[in-house]
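Remarks on the structure that follows.
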Amino acid sequence: MKARTVRYVLGQGLVGLWRNRTMSMASIGTVTATLIILGLIITLVLNISNLADLVQMQFDEIQVYLEDDLSIEEINNVGKQIEAINGVSEVIYESKEEALEKYKKSWGEEGYLLEGLEKNTLPNSYIIQMDNLELADSIVEKLTPLKGIDEIKYYKEIVDQLLRIARFVRTIGLIIILILILVAIFIISNTIKLTLNARRQEIGIMKNVGATNWFIRWPFLLEGMLLGLIGAIISTAVVYYGYQYAFNAITARFYLMFSAYMISVNDMMNKTIYIFAVLGIGVGALGSIFSLRRYLKV
Amino acid sequence: MKARTVRYVLGQGLVGLWRNRTMSMASIGTVTATLIILGLIITLVLNISNLADLVQMQFDEIQVYLEDDLSIEEINNVGKQIEAINGVSEVIYESKEEALEKYKKSWGEEGYLLEGLEKNTLPNSYIIQMDNLELADSIVEKLTPLKGIDEIKYYKEIVDQLLRIARFVRTIGLIIILILILVAIFIISNTIKLTLNARRQEIGIMKNVGATNWFIRWPFLLEGMLLGLIGAIISTAVVYYGYQYAFNAITARFYLMFSAYMISVNDMMNKTIYIFAVLGIGVGALGSIFSLRRYLKV
Amino acid sequence: MDLIELHNITKTYLKGVQALTNINLKIEKEEFVFLVGPSGAGKSTCVKLILKEEEPTMGNIFINGQNITKLSKRKVPYHRRNIGVVFQDFRLLPNKTVYENVAFAMRVVGATPKEIRRQVPMVLGMVGLSDKADSYPYQLSGGEKQRVSIARAIVNNPSILIADEPTGNLDPETAWEIMKVLKQINRRGTTVIMATHARNIVDTMQQRVIALEKGRIIRDEQRGVYQYEG
Amino acid sequence: MDLIELHNITKTYLKGVQALTNINLKIEKEEFVFLVGPSGAGKSTCVKLILKEEEPTMGNIFINGQNITKLSKRKVPYHRRNIGVVFQDFRLLPNKTVYENVAFAMRVVGATPKEIRRQVPMVLGMVGLSDKADSYPYQLSGGEKQRVSIARAIVNNPSILIADEPTGNLDPETAWEIMKVLKQINRRGTTVIMATHARNIVDTMQQRVIALEKGRIIRDEQRGVYQYEG
């Protein structure tokens, strides 16, 4: 294409945007709305996912209760054996006194009940940190034959439940996002179809005077991409300020209770801004192409 | 209007729907998408709201710990005084033995620790149920001067926190729903604007041959309403089956853990179906009217 | 009383184009009037003013003694129902068939299905389009579209018929057929105003001729001709 | 070699309307041809076939020796650039000004801005529309639109000019101006085919006349007239 033609096509794309203001606004509005909703869902999914990861990390350990009558040597011995197991990343010893203190703390106000215990019936224990949660079962298997171990306590159910919930939320979120992307493509391609429909006469005339298909196509394609881009920019701004506002509101309201569990505004935007730009422009271009193919075949 | 004209207008509305298939599909698609998203958010808000209500109910009580050396008579006396307080709906006596049992149960696996207690240091107590959570503060105030009471325990913070969270979720949900309704009206009115734009010539001709404004308006109005209605029907179906599926999936996956806290499919649909119908038709009609006013003024 | 009266009419379009300048014109009931003049003289503008599609910049228009420049919006449709118009650019509804296009003008005024079934085929026959009843406008030749427009204009037996260049796309023979139809309608009591460039037709018909040039009336004669010299 | 050759052309539209039946026609370079015939005879259909806007049901069309019925889709635009067309329904871009409408036809073929700035005002002057350059089509009278269409058709100096009823909306004087322009273009080497109902023009110009009736050629003469009897 000659530079002249490129300039002409660019100009036409912009002029088209302006001449069909109403339609352009409708398209941009639709893209914006779709992307904002997408942003909402991404926010939710990322945060729940993040929360699940955090909670999971706290249950991410195996506790091994030792028999009550072991000597210090025997205890150390067991510790070494545990450390040798494949997949164990850290082993921490917790004496029965430490365990009681921990209980008292964790029970908070009701902790005072434990003051009255005549004897600390809690066992000594090792707390095992794992490289990877998936290895839990095999580690437990290797722990079982070891001597000196009274009980292996692994929050299997809770962890499993949590993993399941996280996976479920992610799957549902993914499905919703996919549906939304399809909806967005559908709406945009329809909007451009409408634009084309309104300009069918114009296209016919262009062909009459000998315009090539690409000469006709480019301005429309550009128009679609611009529509998508503008929608992406607006929705990025809305999601950015919206998330920032929500983040601050939640942080302020719940005295930082949640903020530690929320993804920071910048992390959030780093992830979404590219998704939005790609989706906006891509969906705009795709919509244009689909519609153009229908109307330029004639 | 003559019956003949009504029949003509009805026919034209339907014919218009069919003749502009592409545009009709675009509009219906948009309404459907918007309402489905609306349904999603309604589902979330209603369920979180419901969950908050349920949880709140469990903390919806004041516990009054009695001094340790009261006689049975004195205990009964305090009970009667409590019952007389305005806003108290039920008073239940819990002896120190019952309290210990309850603790053992609620601590589950760790309950065995309490077996070793040399003395039950738990107090006797009254559990007070209230008519209304808002009365809590005034009831606590009236309890304070009573004799024989060691400590008044009210889960004020938790309840307050919960109330705050529930209110927050409801507000956010409401805002999102409002935004979505505005988006829906915007999109639909734009779609009908596009339809009208594409038929501007037609409207001009109708006016030329002496058609009254309402004769021109009605078919378009009807078309808009039909578009909205069809969108509402489709989205109702999608939300119904989608919620049923999610309900069953969650119930099956988490062994009924959640299902007790979820609003049943029918309750859910009873609330949404009217919202959808009204929104679909109303928004369609509104969109038509807005757009028609612009194009029939000329 | 005159049926149509234009009183001191001036029309200036938005861009400052003065399409009509101080026009005074009286047309009586049952007259047959030719409106002639070069391209851009203001003929179509006259038609649009009478139909209240455009508003005059100055002056008043009386139809049947009523000042239509003062007409409320709600009454405009009823005013238009008295006037059948053949538009220069046809103005057919693109997604209705020929039959439906003509029937539509009847439905608008609330005609019964029976009347429609009787009247529409009759006027289509008059303009020679009986076999094109089920065609859509894009399936018609230029002359055929023009004749549909004529059929639609006369189907309601309006008291005034305004035809803007109704023979521009017709061969001489078909044109004469159409002129016969218009004359016949005129004889039945309809006032006919026809804007045209067809010199032959104007010269042969020997009717009143109003000649416009650059928005002014330069000639208005009974039994006139298209042009004297040239 | 003939510039345009229609070989055994038959065109049946979807609804079974046989618009052209077994047409054989040869037009040489630099000829000036009138295409006449009653409304619906098939004139516009001929134009559409040559422009490859419609496909013939049977037969072949050769332009410059090339069989355009076998032309690949990608080459159609380049084929059309050799042909300037004045459409019966004008076909102006509604949201471009007169100037832009004409300039558009030049941009499509990749003309330089300099060429455009020189050529467009010149052709607008030729059709007498210099003062309407900035008007939009809806602001024009019927005859003015027609002249814009003519200006657009000739702006690229096409080797073939097809004019479908180019004077239908023009007064006799303006029509003669346009005929002068067409004749001048023809003299410069452009082949001109003009479908028309204007008997005066055909009879005066004394050029080749091809008469169609019901889709068949009934007459084809050098220095012909519009019609013998009638």
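Points to keep in mind about this one:
Lettered A, B, C and D in written order, each chain numbered from 1.
What we mean here is this: contacts are C-beta pairs under 8 Å (C-beta built on N, C-alpha and C of every residue); 3 or more make two chains touch, one makes a residue touch a chain.
This one's a predicted model, so the numbers in the text were calculated from it and none came from an experiment.
Counted as hops between touching chains, the shortest connection from chain A to chain C is 2.
Taking the definition of touch as given, a chain qualifies here only if it contacts chain B and chain C alike; none does. Averaging C-alpha coordinates per chain places the centre of chain C 29 Å away from that of chain D. Chain geometry summary: the mean Cα position of chain B and that of chain D are 68 Å apart.
Distance between chain A and chain B, defined via averaged C-alpha coordinates, is recorded as 25 Å.
If you average the CA atoms of chain A and of chain D, the two centres end up 63 Å from each other. Shared contact sites, meaning residues of chain D that touch two or more other chains, are absent. Contacts from chain C toward chain B in the complex involve residues 51, 53, 73-74, 76-81, 85, 87, 91-95, 104-105, 107-110, 112-113, 152. Of all residues in chain A, only 2, 4-5, 8, 19, 201-202, 204-213, 215 touch chain D in the complex they form.
Those residues of chain D lying in contact with chain C across their complex are 13, 15, 17, 36-41, 43-44, 88-89, 134-135, 139, 141-144, 147, 164-165, 168-175, 197, 199-200, 226-227, 230.
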